[in-house]
Amino acid sequence: MIGGGFMGRAHSNAWMKVTKFFDLPYDVNLKVVAGDKNRLEKFADNWGFEEVSYDWRETVKRDDIDIVDIVTPTYMHAQMAIEAAKNGKHIICEKPCALTYDECMEMAKAAKEAGVVSYLNHNYRRVPAVAFAKQLVEDGRLGDILSWHGQYFQDWLLNPDMPCGWQMQNEYAGGGALYDLGSHSVDLARFLVGEPVSVTSLHRTFIEERPLPNKEGKGVVDVDDAAYMLLEFEGKTVGSIEVSRFACGNKNANSFAVYGTKGAIRFQFQRMNELEFLDYTQPVSEQGYRTILCTEYDHPYLKAWWPSGHIIGFEHTFVNAFADVFSAIHDGAEITPNFEDGASIIRVLEASKKSAKENRRVFVNEII
Amino acid sequence: MIGGGFMGRAHSNAWMKVTKFFDLPYDVNLKVVAGDKNRLEKFADNWGFEEVSYDWRETVKRDDIDIVDIVTPTYMHAQMAIEAAKNGKHIICEKPCALTYDECMEMAKAAKEAGVVSYLNHNYRRVPAVAFAKQLVEDGRLGDILSWHGQYFQDWLLNPDMPCGWQMQNEYAGGGALYDLGSHSVDLARFLVGEPVSVTSLHRTFIEERPLPNKEGKGVVDVDDAAYMLLEFEGKTVGSIEVSRFACGNKNANSFAVYGTKGAIRFQFQRMNELEFLDYTQPVSEQGYRTILCTEYDHPYLKAWWPSGHIIGFEHTFVNAFADVFSAIHDGAEITPNFEDGASIIRVLEASKKSAKENRRVFVNEII
Amino acid sequence: MIGGGFMGRAHSNAWMKVTKFFDLPYDVNLKVVAGDKNRLEKFADNWGFEEVSYDWRETVKRDDIDIVDIVTPTYMHAQMAIEAAKNGKHIICEKPCALTYDECMEMAKAAKEAGVVSYLNHNYRRVPAVAFAKQLVEDGRLGDILSWHGQYFQDWLLNPDMPCGWQMQNEYAGGGALYDLGSHSVDLARFLVGEPVSVTSLHRTFIEERPLPNKEGKGVVDVDDAAYMLLEFEGKTVGSIEVSRFACGNKNANSFAVYGTKGAIRFQFQRMNELEFLDYTQPVSEQGYRTILCTEYDHPYLKAWWPSGHIIGFEHTFVNAFADVFSAIHDGAEITPNFEDGASIIRVLEASKKSAKENRRVFVNEII
Amino acid sequence: MIGGGFMGRAHSNAWMKVTKFFDLPYDVNLKVVAGDKNRLEKFADNWGFEEVSYDWRETVKRDDIDIVDIVTPTYMHAQMAIEAAKNGKHIICEKPCALTYDECMEMAKAAKEAGVVSYLNHNYRRVPAVAFAKQLVEDGRLGDILSWHGQYFQDWLLNPDMPCGWQMQNEYAGGGALYDLGSHSVDLARFLVGEPVSVTSLHRTFIEERPLPNKEGKGVVDVDDAAYMLLEFEGKTVGSIEVSRFACGNKNANSFAVYGTKGAIRFQFQRMNELEFLDYTQPVSEQGYRTILCTEYDHPYLKAWWPSGHIIGFEHTFVNAFADVFSAIHDGAEITPNFEDGASIIRVLEASKKSAKENRRVFVNEII
């Protein structure tokens, strides 16, 4: 693993749990954690990594490593993933994939050429309720999809004293809410609805200067605080995505609604065990959004977890994902989202940046 | 109409509207409002009553009166209804029916002997969502009913300065929350589930003395502030009813849940346009409470009202009821709940009082 | 009153009720209903109009008429309102105001010159919960407003057999969901947030041909079925409005969220008695959306209605509005929204049409 | 650890996680799992137990064991706990504590005499939202508590083919829903409200015969399927508890409401990250149930988990509990609920059985 912040913790926990809950053909040995944090030793000790390394380039070359797990800031992803691929390692990489469509394409190309599995951790796909939504869509329960409405709201930047960290710098993060939250929402839209072909956007930065992390002066926020997009998908489907870090009362409110000709679904992460489903083929007097508690043995991933009604949480999405990664490696199969998906997602986000700047609809294929 | 408080207003509004929204074979003429309130003239003037009377006994004898509508405090119901029946008038009476099972039986007998229609205004039966719940039950959509859970909570008596009015006097009201709210809940239980055969109760008076309405000294509250009942119904069905005027945050929260072998329903008056229905015959991975917005043309009473999604409110239950009363009169048919139902309800409440006093299960047929 | 469909019914009911529930310095006499419907006599008879007229131009000239209430299709509004104003009548007009910004401006000018009160019936402003939201905004409880998110969804056009009526013709309706639903959402945004300065839109027509109402062949739908807009308001505020008649499970789901620096509110019409309010100034561990049941004596308009917890419905918004119209007439005061507001609203909608056509951001002041 | 079913799994997971997420003065070594299941080896292997034993009496004597974790059926708890105490081991025991008040008292006595920590795993106390509710109660935010309303509903016994397992045998389980679910609800009531002094109950067994687990014939269900209790607490507080395994649509719906003079709270386990709080001291027009997402750093136990909005699940309650057990052991402090609490809980349940049998109110101190 390279990196070791909040996401390093979530990944380590998943590595610890995945073989306990899923019946897998592999064992997990946490060989090395690489990084430059001074608290890395403590981190390694807590999670049981055998070694600590301060040179990730050496680490990804080691023969006793099969999987490289990248949990570093966005701007480092491309070089690390490409190097790992060149060394024949399977790769798990945190989202968003990279800064640009270009970078992502290089990552995808490197993984393809090396014949390794690449998994991009848009973990919300592996919320059981979301995976179940996918089943409903694929089974035609929604009919033809007409529209997608994604919202991903947080509120932590309302505080003007929150320092101007790397997530607020275009050079390190690629974008603000757009990249951090919008990448998830675009991933879910592509997962459930299809490929966006045009983007029409409005971005806004509410607070343009913030104290620097070292508290010496102020830094300029050169990314969006909120980004709204209107989308055309292939076919007649339309949609919108709204992301913001300034929507008070929303802590991690990743939500969406999908409307089709035969049904609709709604989801909100903070109630991640629930999926709301409306079956429009029922008699109108009996129609209504049904709150399905997705904790049944028949629901995706639930065989691995607890009895009906005993809900799971955020961290379980990572374990579900890693179990799928192991299956993909074992079967020599593809897993999604991978770096190609990452490229498609970042392309939409780049189109959004262009649209917001040029005040016009931008077709995704304008980004090359 | 006899009386003219909050309920007089609700009834007058319903009289005004019923012929406008329902296609009825009658016209409504508001002939006389009788009472002793000094603001009765203003009330009559506002609502278009032709006359005011201070002698209800005279009023119920008039030849130009077809229906007597009783909206007075509970202790007056029996004598007024009996007198009205003796004079051959159809009767609408506010709930609870009367102070005792005995009184109710006399009312029922008088109505029966006179061959008049008696309608007891437990208006919640005529909330469209509740009437639709009844259809679901009758269509077997819940299977065999296993349990009833009724709660009717308000919070207005939490204020210790609220004066010791007639609703807090056993002699005038028959009971506290038990009579005022519990009568509704028992009515709904009988409507949807069946006849209670035993009651096991716990009553509580939280504030035992309150300022008298005239502010001269204090009066003793000799009724319950909260009443909880466990019920056995005919067959294997069990249930509970909890009513309270001390449940803060509940303004008029009349709610219930019914569980059967094939499905369940939940209702809460403050969202009276909605019925929650769980269809337990669906595949378990698709089950969930469905929030049905009962504003469709196919829902009970809705043909008379507004287009789909344009919700109705409290007052509409009265209009729906009066339309049914007119139909019953026209067809020479029964309407429910009537005074016989009222007797059955009050019998349960009397059993509850006996149970609370004697600390034991009381069978309803102990009340004679 | 001119016209007599669903809206004629809602208005007539409000005329009937307004003087009963509000203490007003006027009486209401329903003098004439004008129109060309063959069922107009029955309509007049039901609601107590003294006369029926088939010539609205004559009607608006009558000396015994003080208020002209226009409930006709959109394309007729301008001429009727202007003629009524010229004859010195106060005017109530259904929404949307008219087909174009131009028409609306003429209406506003005519009303101003005649010195009459003009009231445009965007009735959702007079939902008590919405009026209470306005109070919270004005009291600074939300701090600086950052964003507006309006959605108004219905689903009646999903049925492809629904005929190609006037609401689906640009010439009669001005737009589809955009004019019918979007006009409400823009009205609410202006009411609660401020004046939009730019619009960036995506419109979609899902079903382009429908059976003609006379069933002889098919007609072309030349309006939008769904319209999505991104908005910039004066200052830093941004927002979005999404309207659709193709969102299954939504019957009349007019909803919005407003986010500020100190709080947020959410509203959904199908639960119109409730306002969700988040107070971001509370300690973070105690924050949460609070569901306020807006049925208290202290809430706007509630003094006129029922006790706490006894909810009201759709029709009450009309009564509240008419009470305000009477007050405005009596006090010689302005009422909003009026025809000037209507002009501002339609201007935004025209900008949206231009944006959707030209695939670019359009500034509202481009519409002249 | 003795036992190894669903609960064995939940406990093992918690042992694995507790030192990773909490900063504790101890390490965890899973020494032995004892039991008689044939799949015990696989269980031990999966969770990393060093050894397997088929003789729990030997196991609890071992010197290299500090804590004995009992996850066996109820009827085995007392002997195992007493034996463990006698050998000076700290004890964690699954709920319900034991079959009778007597047994529990012996367990408590043994633990006390041995000076060991006993922890009874009513895990719902350690849901952060519930622990936060406790804070609110202790801070006086609810004022004087007036009533408790607990419901714990499941639906797995609606299926008549569900075999007659040990949980349906009085001899092994002590009771049905009453012991399994009711013990949790009584624990929560005692935690948040106080000590019950009387119980008035109604129990029901809906299906009296079920296929035996070995499928050879039928067994008699001699426990309740549903149990309803009315409770008097010390002081004026009253309440009710309703538990059922026949409430369709409820998978693990452990819910409660507490009403006080200054506020109220509501909780439902299937949305365990949320607490609803009504502050009755606010102006009435601003009152409403506030949905607090209990995932803030300031909420109980949340410092150990994920960032705000990243919800946790069922299993985390066990980890929170074990962390508290370690603290208690380290500090030589008490932890609750312990075996004394278990005794108090089972006493209430025994009173409930007596009340249901004798059709009368039973005072808890009648159980000796």
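In order of appearance the chains are A, B, C and D, and numbering begins at 1 in each one.
One rule holds for everything that comes next: a residue touches a chain if its C-beta (ideal position, glycine included) is under 8 Å from a C-beta of that chain, and two chains touch if they have at least 3 such contacts.
Quick caveat, the model's predicted, so the values are computed rather than measured.
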Query raised in the report: Chains shared as neighbours by chain C and chain D?
Result: A, B
Report summary line: Outermost chain relative to chain B, judged by CA means, is A
Report summary line: Distance in whole angstrom between the CA centres of chain A and chain C is 40
Report summary line: Cα centre of chain A to Cα centre of chain B, whole Å, reads 54
Report summary line: Taking each chain's mean CA coordinate, chain A and chain D are separated, in whole Å, by 36
Query raised in the report: In chain B, what residues contact two or more other chains?
Result: 287-289, 293, 296
Query raised in the report: Contact residues on chain C for chain A in the complex?
Result: 146-147, 149, 151, 155, 158, 200-202, 204, 206, 226, 228, 230-232, 236, 238, 240, 242, 244, 246-249, 259-264, 278, 280, 287-289, 359-361
Query - Touching residues on chain B, where the partner in the complex is chain A - result: 132, 274, 276-277, 283-294, 296, 298-299
Report summary line: In the complex, the residues of chain D that touch chain A are 6, 10, 12-13, 16-17, 20, 46-47, 154, 156, 250-253, 269-273, 293, 295-296, 306-316
